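Pasting the structures here.
In what comes next, chain A is part of two complexes: it sits with chain B in the first one and with chain C in the second one.
Our next item is the complex of A and B:
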């Protein structure tokens, strides 16, 4: 009798606690997406943003670890609350800063909708940049500019489904 | 600074010059209505003023940053 009473007293209470992960995920993250000439999103509540960082693409949701990333020319995808299909922008570069309070600031010099990319002119520009690169002196400014053109046009082509080499 | 690792640094460009060039490449690859709109954002001009004794001298337009001593 005594032992049973003692056992009851000292059994740790197994009260069920609810995880708060679903709550913060439902609250979403806040996105600020700005260009020098236009504010695309200010304080927008979204589910997820997929960011093209130079070290690789990564997704940001609510409560993501704080992170500063330089962006490469590539596709930025924004998943709005309750949608399955992402809204895509092609960005030329810039920075993405994720703060501890689930806010992400993305600043880019230029961003366009994928539909506005002209695959023919991008392919032509890539080929022109490739020949400019091979004829330029290694390590010169002209070679670097040709390399930038190649990189951006290759990424733009990839965004519209054309694979260039 | 430590040894530059990116190709643009090695060629003597700053990040701003690199990213502005990338934005230009992006704008050149657009379809027509979007392209003319985007090209309006291309225009870039610099003014240079020399400060002395806490006062700015007169501004003069500068074509290339190296003209302003940068």
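Our next item is the complex of A and C:
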């Protein structure tokens, strides 16, 4: 009788701890993804975001360690709640700040949906940047700009499945 | 016969003499008032069309500002809160560090009401108070109107001016402006203070200033202590983050200033049209009185000439 009473007193607390773990995983993380001319997501609840940092790609979920990362031109993948297929954007750079309260701010000067990228114009832009780079004198501003142009176009082409050299 | 001819001659010349006498006395003649009315009507047409153009542009600027707000949201945690410059006497600028770079945002075009004068006044007041506290400051002006107003008061403090800015602004513009600030040596200052007008609604705008400090990488007052950094070198990424944050803030403040400028221009042109309308009414009354006086004078001569002939 005593044992049964004790058991009853213990199990409710055990049940309570389990439910909070489930809640935080189900709540997911909050994403703020903004461009200067468009707010793509403000306070959206998503499962996971895969961010192209300069040191490599990494995924952010709820309760991730607070992190400030600089972004390189690459693909940003957003996994919405309950979907298996990620929504992909090509970002041109920017910063991603993950806060201690499972909120991530991603701020980019420009981003486009992968579906909106035309591989033909990307290849053409890459070739133009390549010739600009070879014709500019080494170490000048024009050479640096052409190099950045080449890198971004190469990353864009890679995102749509075209590999350029 | 000779009498009639002389009366006719007098009746022809008398109005001209009367008008000349009137002009000599300082009264405007009927013709002059008529010209004045015509030119005022033209001005009223111009100001009311300018008001409509501003109203249309304001819509676009409002939308851009609404989008810039969430874009700039993340910087609010890392920068000083915008301080409302409502009563200049109560603002002390004590929280500013030793060397500050002041960036006032003004317009290029005029006829926009008091937007630029308020900013110039605030900057003048700030410089006075900062120097009184023994601190240093310099100014980089954005906008031609600000340059013309402030270059008279403190020309030695102005490092650079950015004029002929293509409206509407976009992020490229903000990036170019922050590159100008860096070229002016913004990284050597302890803080950048942006002074700008903030759009509230079509009738109201306020002046604010924002202080943006480079984030300390080590020691006490180190910012973002609980965050990891990728790449690992915190000082490098903090430098880049500061530049990006500055660009984002300039973008937002510029959008805010542009919307405030358009709303102020709309109000100014509306007032100008209203005043022109009132002036036209007053002048029309004067014109009618002058016209009636002339007609009365002509009638009197004709009648007196006719009675002189009879009698």
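One rule holds in what follows: the second predicted complex is superposed on the first by the 142 of 165 C-alpha atoms of A that agree within 3 Å, B and C clash if a C-alpha of one lies under 4 Å from a C-alpha of the other, contacts with A are read in each partner's own complex, and residues count from 1 in each chain.
By definition in this document, contacts are C-beta pairs under 8 Å (C-beta built on N, C-alpha and C of every residue); 3 or more make two chains touch, one makes a residue touch a chain.
This is a predicted model, so every value here is computed, not measured.
Visitor: Quick check on the chain A-based superposition: chain B and chain C, clash or fit?
Guide: clash
Visitor: So, A:36: does it touch chain B (first), chain C (second), both, or neither?
Guide: both
Visitor: Look at A:151 in the shared chain and tell me whether it touches chain B only, chain C only, both, or neither; answer first, second, both or neither.
Guide: first
Visitor: Taking the superposition on A as described, I'd like to know which of chain B and chain C A:53 touches: first, second, both or neither.
Guide: After superposition on chain A, A:53 lies in contact with chain C alone.
Visitor: State whether A:137 touches chain B only (first), chain C only (second), both chains, or neither.
Guide: After superposing on A, A:137 lies clear of both chain B and chain C.
Visitor: Thinking of the overlay built on chain A, is A:105 touched by chain B (first), by chain C (second), by both, or by neither?
Guide: second
Visitor: Touching A:97 in the superposition: chain B (first), chain C (second), both, neither?
Guide: second
Visitor: Examine A:65 and indicate which partner it touches, taking first as chain B and second as chain C; both and neither are also allowed.
Guide: A:65 contacts chain C only, not chain B.
Visitor: Clash with chain B: which of chain C's stretches 8-16, 44-52 or 116-124?
Guide: Here chain C runs into chain B along 116-124, and the other listed stretches stay clear.
Visitor: Do any residues of chain A touch both chain B and chain C, and if so, which are they?
Guide: Comparing the two interfaces on chain A, one with chain B and one with chain C, the shared residues are 36-37, 94, 109-110.
Visitor: Inside the complex, what are the residues of chain A that reach chain B?
Guide: 36-37, 73, 90, 92-94, 109-110, 112-113, 115-118, 121-122, 125, 139-141, 143-145, 147-149, 151-153, 156
Visitor: State the interface residues of chain B toward chain A in the complex, per the touch definition above.
Guide: On the chain B side, the touching residues are 7-8, 10-13, 18-23, 25-31, 34-35, 38, 41.
Visitor: Using the touch rule from the top, collect the residues of chain A that touch chain C in their complex.
Guide: Within the complex, chain A touches chain C at residues 32, 34-39, 42, 53-55, 58, 65-70, 94-95, 97-98, 100, 105, 107, 109-110.
Visitor: What residues of chain C sit close enough to touch chain A in their complex?
Guide: That would be residues 64, 67-68, 70-71, 73-74, 170-171, 174-175, 224, 226-232, 237, 240-241, 244, 248, 251 of chain C.
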